[in-house]
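Some structures are shown below for you to check.
Each of the next two complexes has chain A plus one more chain, namely chain B in the first and chain C in the second.
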Partner chain A sequence: MTPLLRFLGGISIFAGVFFSFAAVVAILRFPDVYTRLHGGTKALSGGAILILLGAMPYAGGIAGALKLFLIAVFFLVSNPMASHAIARACHRRALANRPIDEKRRGDV
Partner chain B sequence: MSEPLLAFLYFFILLTAVVAVLLDDLLSSFISLSVTGVLMATVFALFRAPDVALTQAIINSGLVTSLFLVAYSQTQRTPSPAGECRECPFWLRWPGAALVSSLFAAVLFRGLYVLSGDRIPGSTSAHYLSQTLEETGALNVVAAILLDYRAFDTLGETTVIFTAVFGISLLLSGGKYVHSGHGLSFIVKRGMALLTPFILLYAASILFLGHLTPGGGFQGGSVFATVAILICVVYGTNFEAARISPKSKETFEAGGAMLFVFIGLLGIAWGGGFLANLSGPFPAGTPGSLFSGGNMLLLNLAVGMKVGAGLSSIFYTMIKILELEDDSWPS
Partner chain C sequence: MILAALWGMVISGLLGFVRVVTGPSPADRLVAADALSVIFTMVLVLLSLYIETPFLLDVALAFSMLSFADMLLMAKYFEHGELHK
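Our next item is the complex of A and B:
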């Protein structure tokens, strides 16, 4: 049972690393605030939760696995909330649809 | 101890520290600095210093960044327009930052070898590690050193925070605020309400189990202050002031200080000296249970009250001024 769980955990960690990498690429390459937030929130929540779930078989015992699961749940609650707050603030300040690179060029 | 991982972490500490100095935009510098803080907390945790790691993560990455952000909102964005920074040109900042960061990294690398070496018999650290449980009844050696062997120093440290709160309140208490932010959206408010009990439970566990597990009054009080700060940001300062009044924060802070000194005086009254623990009136208890370690539980509570109330009232005072000026925020 345990080797199978560890194998599945390894697959899950690899998938999580892939999604986190996708999130980094999205934050760097997408054109404006909304698309960047989209990439960052979705891919990073998925990536972090997959990594945490994948680490559960390696945690050594039920207590450690339960801790990791709770961390995943809190991540699921807090990360979308934070991105929602950022998106709303950008919407209010009318920053959202301005391409970021153009803005940066305008500053310098 | 995995040295490739440590080398990786040191490299990124160096990188983020240098980036924080070199960036012209203060906001980006703060974010870079808080990344440095998280990485250093990881390094401390790898060195098996969870107390320091906890303090580092809470203070540097949470509280200091939020205080920086408040200060940043009241000042101009860049230190000076680009190209006008005469006293410290770009090429001078770069080697300076690299020098300081690499010195620090060298100290950290040195710590790796000092920690793995043998302990000299008869030295202070060997004494602490072998005798702590017997002499103080606490499982957490760091808490025993902070609250028993060196409790007088802890009193001094908490007095520093007390003084800082007084200073900031005196400096910034000029205007009475009229407007308060309306807070963030409904979703964030509900989510915050969902998370608050868990954060409070976490803070209480850090505070009250400080003599058994990593943590203690300072860290637990900081997490309590974080709750107050989050309420300030999410619900607006008026709501926060209505729920936890500034007066009661002052009472808590002064009460913490008085509790600490009172416990110390109890030791004198018993004939054991100021802040005497087991030689004073306090029982050792069963090691590992909540009521063990003599006065450490009470001292943790006192430090937590002082630090939590102090840090949250510092933030409240600073953000109050901010909202006085920025009252054009649409609801």
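Our next item is the complex of A and C:
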């Protein structure tokens, strides 16, 4: 049972690393604060939860696995709340002073 | 294998640091710093598995809670201009 769990956990860890890398590329390449928040929140939360669930068979015991599960649940609660607070601050105070360029607006 | 995942997360963090340095507005830097806190928590978890040190998981849990409070306080500061409100 454990080798199968470790195999699936390794696949999950590498999928999580891929999603985290994709989130960082989104933060680097998107043109606006809101789109960067979109990429950096959803893809990074998914990648982090994939890494945490995939690391559970490697934690070496029920206590470590429970700690990893606790971190995953906490991410699931806290990450949307933090990004919502950032987006609300940007919207109310007009902090996102970099709108999409007119050239790109014509493209999409 | 854990080491390869660890290097992947470290490279992602270094790439995200570019946005923290060159962000045009403070909100961009805030978004990138939020992403970097999540990536640093993942680096702590993978490092705890790689060097087999279980208490780093406690450090990762405490750091995730601390960065959550940090992001809420920074968003409140940018929204209201002060904290006691």
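One rule holds in what follows: the second predicted complex is superposed on the first by the 95 of 108 C-alpha atoms of A that agree within 3 Å, B and C clash if a C-alpha of one lies under 4 Å from a C-alpha of the other, contacts with A are read in each partner's own complex, and residues count from 1 in each chain.
Keep this in mind: contacts are C-beta pairs under 8 Å (C-beta built on N, C-alpha and C of every residue); 3 or more make two chains touch, one makes a residue touch a chain.
The model shown is predicted, which means the values in this text are computed figures rather than measured ones.
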First (chain B), second (chain C), both or neither touched by A:R92: both
Touched partner set for A:L68, first chain B, second chain C, both or neither: second
Which superposed partner A:S83 touches (first chain B, second chain C, both, neither): second
Between chain B and chain C, more extensive residue contact with chain A: C
Partner chain in contact with A:I13 - chain B first, chain C second, else both or neither: second
Intersection of chain A interface sets (partners chain B, chain C): 74, 78, 81, 85, 88, 92
Of all residues in chain B, those that touch chain A in their complex: 82, 184-185, 187-188, 191-192, 194-195, 198, 330
Residues of chain A that touch chain C when the two form their complex: 10, 13-14, 16-17, 20-21, 23-25, 27-28, 33, 36-37, 40-41, 44-45, 47-48, 51-52, 55, 58-61, 63-64, 67-68, 70-71, 74-75, 78-79, 81-83, 85-86, 88-90, 92-93, 95-98
Chain C to chain A touching residues, read off their complex: 1-2, 4-5, 8-9, 11-13, 15-16, 18-19, 24-28, 30-32, 34-35, 38-39, 41-42, 45-46, 49, 52, 54, 57-58, 60-61, 64-65, 68, 71-72, 74-76, 78-79
Residues of chain A defined as touching chain B within the complex: 74, 77-78, 81, 84-85, 88, 92, 108
